[in-house]
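The first chain written gets the first letter, and so on, giving A, B, C and D; residue counts start at 1 in each chain.
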């Protein structure tokens, strides 16, 4: 681990005049907007990069950021990435080799795999760059509002150094060492998946019996069975039949699969997360990986001959 | 259904000077206290009955209610029952035959079986008595505070007649016809069971990886995976290792089983509730039916060789 | 239980000159043929009844039985019934009241519910008739060959009395008291359901990886993972894409549901049978209750984007 | 893949005067005995190696093989390995570097991971050695009898070259390309795991109801629910309460986990295998990874308060 030690010898940057944001998807676009606003407040600037450059140009026009190539963005003092999976992050790391700035910090907000994090950190440390796994929760609403929850894995000192700049965060918590942020995110999303699916099953049972689902949710949400899915997702997305595609079914299946993978690696036993992961894989294939994650409940509807409305 | 029609011909009582409460368990005791206080405010009185009479005497001493025999209580204008299962309610109905007061209303707060409700209602209607299934949620804390959520099945007119007297309710919602209250309660508790179990699995996965569980819950509770179980039950009962026995594991297994039974009756498909019901049956046998429902997670701890603390 | 005792006082018939068969479905039709042949050999005759009389007439023409009304058939010395569920048997019992012959024996080959058996026996005993629950396994092939496996619940003496006449049996075993036959059949079919589903999942995994499924089944059938489903059902019905509808998906879901019900009644824990029952309910709704039970694997095919061939 | 091409240029050995067997565990010991007998018949010799050398000496004494160092064994014309997992095989491959004989064939009978096979083959091809994944099924009984089922992945020509020498095989089938052998074995064992667990649940249900389990198995084994587990494993190992430890619970959990992993890699959906894998992980932790795989049913016994005997 000589490279790592060498990397850790590089002094950590203490000011971040130039920041960069990689990945301007549904989440990244507004997140990068908050980053750009904070940079401007502190006299800095934010470079933005996206695989399809038109989206970077649109961001620059809307938020005063600077559309950049990947190589330019890689030279920033603080880099924030938000990509579909760890595989895309690895691809970007390949591409920026030789363009990184020693002393800088890379904050990866991707919902990545915990096993990828130590490798990514080691690889960046060879260039004197710190890596923090920092996935977010809250969806596009919180991304726009700048109130995302960020769960970060890595050394506390590095996290504190970048904390003031992550303007998209409403709450930012260090949950452990490198990889812990990804692990907590995977488990959070596995719980989302289970709670959502179970609520779908429960409402299908009530629907089959002729109970009015709005009234049922009203009391459940004042009772012990409530969750974020009964309080928010199902009333807003399912009962309305809108299923707005802000977080894809295929990505939720992937995240639940990461949690299952962690269980398996440790020879752990998580039969419910295992079952639910398989059911989301089915839903992703039958309903569509690009559909909103709440559309998984359409599979339950098919199985029960009932519509949740 | 001539009997039923005859029963419905009996005019519904509009004032309830004498109320009664049957079943002074951990929930019923404080609920009956609120009923007694409301009665006193309106110039009435509350009779209380319990299988072990000493508990009724204690209630009278604490709340100014009147300890009564089952036959005396049966003659009240409004009867509220809160017993372990529908079987115990049926037993009480056997015992009070001939002692009921035509025009009165029986509100059953037991977490009963939806199939029992129409039979119980029909049986009481023969004596001119209305039956409402009205299970509650909120636990002993809300029972003491008088802020329980009550989910009621039955005719709206009857519900409105008794609503002002059910002083233990913080929220009372009509969810449908006779039996719908029991159905919604069963589903609520099935969701509680699933959400709790899944959270236990998720935390076990993180524990196996060395993540600090308090920090993980902190971010999950600001994220999409949150539920009543991550916000309240697990921090208060599991991480503290206290598992205070306010709601028994065996009763939660029973409630989840009712939800599963409803699915099966309708030839519905609820694979996650089905699995989780079986896991709670296992936990109930291995950990103990009288233990607090949150102690189900001790089974997950055994399976993963990790303690949730 | 005075009626039962009275019933047991009626001497058990020792010869069965007139036999009757109720229910000439895919299984019952050939079974009744064997019953008729055996009767003829012993100088007796066999009455046959079916809800749609044309089928009884066809049976008489083919097997030399006698098409009869339900009331006529009810007067036989030995009655064998084979109907879809216990509910249909109860309906027939209603219809034959007053037409039964004291001392006779009723052998019900329906895949019935264990809880129905004691009630049906008690009811028939009031008329001096013995009831044996005697479901069969082996499908239409064994029904035609007269090699069915029969699992019987009831007193040994009664079983031995009728054993020589049940010519459709290749193997007939007393498995316990009244209801035990139905219980063992439900569990057998639950195992069939699980083994079939698991084999479907396993082959889908191999199919996704490009393994040739015929070769895979060849070695599995010489290995520890083999079952009746890998040895017979899948090669003959699934890989051929024929799915001949000899045993309906809806009926298998019903049987698995009976096994699950038995577990629940005993507060037992059977998480795999619980999940699989729910999956067959889903398959029954999505693929069709009338389809062959092996067509459940089409659901797995949909979920995995692969065809088992 | 230049190395691989070079490797494939090395002519394949056509005679195998010296064979070697690596790993003399419960399976490998008798398998190596058959290999040695066949070698002797054809004028060759068999080197045997084991991590603990005393076992190799014992083998030499019993079967006329030659105890050897790993380096000596590595120079054989045909090498057969049978180790706990692919990780141990990788370790051995590290150790034999530089000692392999170009043109030889390595047949790995480990229940390995399908992903390991292509890497192991590529690595050996660099030394001009062919690799075949060839896991076996049949347990210690078939290993002793020389009637194992062998499922092989790799080029047909190479398989045919070694087929006559694999004297422990009763049946040897090419199931596909490199890795396919491991995949089929993982799926076979996943089916074993599911069928065994389901049978345990089913018998627990019958046991709770007082049905005699021997009679129940007797009819199930003549019915559609039968499998290798009801026909052999449960009567011989569970009902006898002997649970002879010939195939460890932990290894079966590992194999089911490989099947689950294959499903996840292909974004497949296998909810029952997923659930059962988790249950075996639990059993492995609670009952013991070294216990016989059939001892998993002790967990079901605990959950149901019933003994399977």
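In the analysis below, contacts are C-beta pairs under 8 Å (C-beta built on N, C-alpha and C of every residue); 3 or more make two chains touch, one makes a residue touch a chain.
All figures in this text were calculated on a predicted structure; none of them were measured in a lab.
K.L.:
Measuring centre to centre, with centres taken as mean CA positions, what chain is farthest from chain C?
P.N.:
Max centre-to-centre separation from chain C belongs to A.
K.L.:
Just how far, in Å, is the C-alpha centre of chain D from the one of chain C?
P.N.:
From the centre of chain C to the centre of chain D is 38 Å.
K.L.:
Could you put a whole-Å number on the gap between the CA centroids of chain B and chain D?
P.N.:
Spacing between the chain centres: roughly 53 Å.
K.L.:
Going through chain B residue by residue, note those that touch at least 2 other chains and give them in order.
P.N.:
Counting only residues that touch two or more other chains, chain B contributes 263, 268-271, 275, 279, 281-282, 285, 303-304.
K.L.:
What pattern do the touching chains form: line, ring, star, complete or other?
P.N.:
The chain contacts form a complete graph, every chain touching every other.
K.L.:
Residue numbers of chain B touching chain C in their complex, please.
P.N.:
The touching residues are 253, 257, 260-261, 263-264, 267-271, 274-275, 277-279, 281-282, 284-285.
K.L.:
Could you list, by residue number, the parts of chain A that touch chain B in their complex?
P.N.:
114, 137-139, 149, 151, 170-171, 173-177, 179-180, 183-184, 187-192, 194-195, 197-199, 201-206, 208-212, 215-216, 218-220, 222-230, 233, 259, 262-263, 266, 268-273, 275-276, 279, 300, 303-304, 306
K.L.:
Write out the stretch or stretches of chain B touching chain D in their complex.
P.N.:
For this pair, the touching residues of chain B are 271, 275, 281-282, 285-286, 302-305.
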